[in-house]
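There are two complexes below, and they share subunit A, which is joined by subunit B in the first and by subunit C in the second.
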Partner chain A sequence: MVRAGRGTREDAPDAQVDFVQLLSPTGERVEHKDYALEISADEAKGLYRDMVHVRRVDVEATSLQRQGQLALWAPLRGQEAAQIGAGRALEPDDFSFPGYREHGIAWCRGISPAQSARSFRQVTNGGWDPYEFNHAEPSIVIGNNAINAVGYAMGVQHDGAESAVMVCIGDGAMSQGDIAESFVWAAVFQAPVVFLLQNNHWAISEPTERQSRIPLYKRADGFGFPGVRVDGNDVFAMLAVTRAALARAREGSGPTLIEAFTYRMGAHTTSDDPTRYRILAEVEEWERKDPIDRLRTYLLATKAADQAWVESIDAEADVAARELRDAVLSMFGPSPISIFDHVYQEPHPLVDEERAEMVALIGAEEAGSLK
Partner chain B sequence: MTERTLAKAINEGLRKSMEDNPKVLLLGEDIGKLGGVFRVTDGLQKDFGELRVIDSPLGEAGIVGASVGLAMRGYRPISEIQFDGFVYPAFDQLVSQVAKQHARSEGAITMTLVVRIPFGGGIGAVEHHSESPEAYFAHTAGLRVVSPSTPNDGYWMIRQAIECADPVIFLEPKCRYWEKGEVDETAPPSSLFSAAVRRTGTDATLVSYGPSVKTCLAAATAAEGEGRSLEVIDLRSISPLDVATVVASVEKTGRLIVAHEAPVFGGIGAEIAARLTERCFYSLSAPPLRVGGYHTPYPPSRVEEDYLPNVDRLLDALDRAFEF
Partner chain C sequence: MASREFLLPDVGEGLTEAEIVTWKVHVGDTVTLNQPLVDIETAKATVELPSPYEGTVVALLAEPGDVVDVGSAIISIDVGGDEPAAATSESTTAEAPSARTAVLVGYGVATETAPSRRHRRSAAGPPAATAPSTPVPVTGAPGVPQLAPRSTPPVRKYAKSLHVDLASVQGTGRDGLITRADVEQAASPRTTTTVHAPPGPSKFAGVTIAGWDDGPLEERIPVRGVLRSMAEAMVKSAFTAPHAAAWLKVDATRTMDLVASVRDRPALAGLKLSPLAFIALGVCHSARAHPGINSSFDDAAGEVIVRRSIGLGIAAATDRGLIVPNIKAADKLDLVGMARALDALVATARAGTTTPADMLGTTLTITNVGPFGIDGAVPILPPGTAAIVAVGQISPQPWVLDGALCVRQVVELAVTFDHRMVDGALASTFLRDLARFVEDPAAALLVG
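For the complex of A and B:
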């Protein structure tokens, strides 16, 4: 068996090929011929605020899990730019489909960190009303919601609506058959969908070499739509490229695959131990490309913000973290009887019978049928 | 009343639903110009256009997965899986998304979709074209599973399934597609999820659904010659089960035989036998018996007659029930 060394070949999946970058790791603005971005100081500061908030909340959620208050948490640290850039590119009418790590996208859609935490608290398997935020609940089965997103996009197309759909997938999902099918469907129907692929380099313990022989964005070529690799730690580039892809979808030009080249700085989830499979030097290398550091450097250097403002944002984020903690600690339920509530929309004799069985067994009060 | 084949009756039911509700879309492999390999969608693309009758790419996960997204957007997608044995690539979509979306979203999302699957054997087909996968779906909370056995039910049940707010797996007995029966287009025979007593009797109850209902009726006719009066129940709905109708019958007859083409182990017959034993223990003169497929892969069709429930096997079970 031939084993590919990490990034040793020019066309290896993690090879440092050209990508779209508008803000360098040292905080300098760079231009790209295809992706101009006019961004005001306020807008840039808004992106910074978003990223600081989602990182701080992510740290809090991780602590809550460590303290036994959440069953699990999937940390997003390192992927803030990928998610905030893409999330802020969405228009209110657009519909998005997340994976389970997309707390940053959820934040952009108006979903509170507490709502994002509900399923990790296991008071529900959902978290919010998808139609209130135009944001589906995550699929934990990797990649199987991509084809749901394409179906939704076909519905948008059928409605003649001018909106787009975005679905979040990862480097691991790229090996799933459902992704190949969703690419085929999106291409042949020219569905208004953007595939946001966050290549965070690790599918739990497996590096991207175990998923691919070529850079992942190149896969789009074979399906007949554009693929583009973006510096996923550059929030400006993510915003510009996602905006362009969504605009392209809305105008009827079909799907785009965006590969956000980024890195999962933390563990896969709070149940994972990354020291077993990756070396510290790699993590340190990515520290130097941190998405928040580079934007702060830029904001301070351009005098869009000063140190006091930066500190005020940190303080605001601390408040958000405290709010999350308070909300999580006061999340109770569900009542045992509620498991029967939404199995079906229409009456179902077996569900009714089993609901009555539970009440008879543990009593109406304990079952929670007396509200 | 109009005489129709089962295939034509379902076709007419689909047409009526499409006329009544612009949100109804059809998707599947070869359902457009070809009209489906069994011609169940014949003529629908011509009349409703390519946007409402969609020839899909060849991929079942895609067909069901896209249906999920369309349903989320407010459409009522009716998909066709070409043959029973091809539904398995869509199994994850059915179990993980179709069945769970409503519960996961705490009621916000309704999966208003129907997955049509021609199922069962008896047509001399090659491998993967004769299977009965209903138990997999019936085992999954969130799905509803129904099967029409007559053209009248074909016409009405597809319309009722399309109107249902829950996802419905619609199993079409392919060996009965070409059999004719009266269709009464003026009023539905009953609700989608109730069983029908197809023949009344006093000595034993035969319970079945889909393709085996006709076999049970033939067995009842044969048994009559031997002086035994059999009641035949067509379940129509496999999930939920109309247990009350079966209980009422077994309380009267005291004997129960369940027949289906699917393997008996872990099948619908086992569920019915268990439930009926719990409810009718003191009415039973014999243990409930099952007649169905063996615990083998569906065999080469040259020997399928020995695998499927037939009149002889049903009468043999009847003898055992009487001798107990």
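For the complex of A and C:
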């Protein structure tokens, strides 16, 4: 029997990794020869506010699931910098394709936490209009969104538009055939797409080093486009590298693979128990690389912000969490007969007949009162 | 005051029940929104449930060890205000502006059942001060919308056509679902009469089933809880570890004599000393001489793990089904310690309060089939262990001793072993040394 071996130790969380970093875990600004970043105090504070908000809201959503108010939730804790840095690099006319954990990117696109929670409440199949926010609906199937994104990017190309496409994938998706296929097409057609790979080290219970014999960003070489590994817990580096990759896409130079080297601090979803497959020491190691802590340290050290401001952001985030709770508790499911509304766009006699039968079966009051 | 009940949610996509592990609050405590209330264990994970309400805890409606159906109330919290007492949970009121069957996210439709207390027998602790053991009315208060009885749309329609009020019908379908037959019976109750003798319930797979004459011709039992654990463990083990077995008959007369002679010693007062305690000591004794028998095969790492501490699993048939709790560091115990540990293990298992932690870390197992009047058995290994010893009944049998035929107390011992790392020689010498212990435990304990 052939077993998947453990790949290079370069992927091990404790190994020295060579990646783009602009803000160290201790909150010190470092320079990188390829990725300069001029950032104002207000911009940095904006990124901090974003990260604190999405983390607080994420905790609330997890609690709501534990209280039976959401069917499921995919927590993002630990990946705030990867998502906020990349999300804030997008221009309004760019288009993004999330997976199911990208609540931080949704936030950057102007989608409210309540909208993000709607499909997890199971009151709808999609919580927002993708064309209103230029942000596709969550993709639960792993990797297929990359195919969608490359197709969309090729459409952008045909339109001659000057916008870029970003698709969010994970380390688990890198083992999917859809990803290889979309890499081939993106490379061959020089599609204006950025593959944002959040390597959070665990594909549910499967560690990254069991899924690849080389660091994931190096896979791009074989397809013929650049791959770059970024400290995914450094929001500055994520912003700078994603901006550069999107600019490259817009100017017609083709795709980029960004490997955000990060860590999923919580469970895969609320249905998962990570203590069954990973050790606490590893989680603690990553706790020390927390994306929010390092930016707070930086803001306080550079006097860009003071403690009172930090506390005001926490208070603001608590309000956002409360708003999410109130919104979720007042979301109701559609009427059972609404299922007939989505069969044909135009009225259809057979569907009308079936709807009438259903109303007769369940009683008009039950069908009607919710309509 | 207004009390709100928190209904056990489905925290893991399609779970039907969970076990209450630990309460983190007491009756009378003030709780804040999202304050951790309780740890529950589901088939998938142990999770902490945060409070959906702010207020004062009025009652804990389930005790640690209870297995509660999803949708049952587990805690009642006074949230203040002037609403009538016994208000339904927030989710129910929110979801049922019209009296439709609430199919709320995470709750399924089993909202009408009270906490299931079926897995609990004796009082391992007093019930919470004000916690009623009666079902808590989830839908009862006047003015509060009623949930529709559980049924399916076609049956509801059928009931309507026969002018049968479903609220008055007792469902006999799965999980109390009202079936077409139930409606028919309710419509013409005289056509069906019960002439059977009182049912003779029977235990199977951890649930009570009807007797031969009383039950349906064919019955389907959901595979979950202890039954599922047993099924998964056995399949995993049977199709992972190549099983082989060895057995022999042993003269246990001296063990029986020793049991009788030390039973009344003050150190053993209050303990039910049985020959099993000696056999357990013997298993540890023999394993010390053959550490390889206390091992497990780590296929992923390509290693065999030898453990120099014994988590001695004892297979126990309980009302919930087969469970295998273990005695930690059993190799460190003397006779008194072993007897005490066995008593505690059995009492806990009988009370249904064995925790998952009690079952973790088994390295070597004993299954005692003797009490069923059975001579011997070839058991399946608990997953991840190298050996399991089966102990048959100890009974008077003809035996050749010093060249003469006589009657002795004989027991058959068998060991099933994982043949990936344990070979026949190791298993046989382990079993032989166990047998020597049982033949003369005093000598073995005194001089090894």
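The rule is simple: the second predicted complex is superposed on the first by the 337 of 371 C-alpha atoms of A that agree within 3 Å, B and C clash if a C-alpha of one lies under 4 Å from a C-alpha of the other, contacts with A are read in each partner's own complex, and residues count from 1 in each chain.
One rule holds for everything that comes next: contacts are C-beta pairs under 8 Å (C-beta built on N, C-alpha and C of every residue); 3 or more make two chains touch, one makes a residue touch a chain.
What you are looking at is a predicted structure, and each value in this text was computed from that prediction instead of being measured.
**Student:** Given the touch rule stated above, what does A:E209 touch, subunit B (first), subunit C (second), both, or neither?
**Tutor:** In the superposed model, A:E209 contacts neither subunit B nor subunit C.
**Student:** Figure out whether A:W185 sits in contact with subunit B (first) or subunit C (second), or with both, or with neither.
**Tutor:** Touch status of A:W185: first partner only.
**Student:** Taking the superposition as given, does A:D231 touch the first partner, subunit B, the second, subunit C, both, or neither?
**Tutor:** neither
**Student:** Check the residue A:L329 against both partner chains and state whether it touches subunit B (first), subunit C (second), both, or neither.
**Tutor:** Second partner only.
**Student:** Touch check for A:E102: first (subunit B), second (subunit C), both, or neither?
**Tutor:** The answer is neither, since A:E102 touches no partner chain.
**Student:** Does subunit B (first) or subunit C (second) touch A:G68, or do both, or does neither?
**Tutor:** Once the two structures are laid over each other on A, A:G68 reaches subunit C alone.
**Student:** A:S271 in the overlay: touching subunit B, subunit C, both, or neither? Say first, second, both or neither.
**Tutor:** Second partner only.
**Student:** Subunit A touches which residues of subunit C in the complex?
**Tutor:** Contacts found on subunit C: 6-13, 34, 44-52, 90-91, 94-95, 97-98, 100, 103-107, 153-154, 156-157, 160, 300.
**Student:** For the complex, give me every residue of subunit B touching subunit A.
**Tutor:** My answer: residues 25, 51, 56-57, 59, 61-62, 65-75, 77, 89, 92-93, 96-97, 100, 102-110, 141-142, 144, 164-166, 193, 239-243.
**Student:** Considering only the defined contacts, which subunit A positions touch subunit C in the complex?
**Tutor:** 3, 60, 63, 65-72, 121-123, 267, 270-273, 276, 329-330, 332-333, 358, 360-363, 365-366, 369-370
**Student:** In the complex, go through subunit A and note every residue touching subunit B.
**Tutor:** Per the stated touch rule, the residues are 124-126, 129-131, 136-137, 139, 141, 144-145, 147-156, 158-159, 177-178, 181-182, 184-185, 188, 341-346, 348-351.
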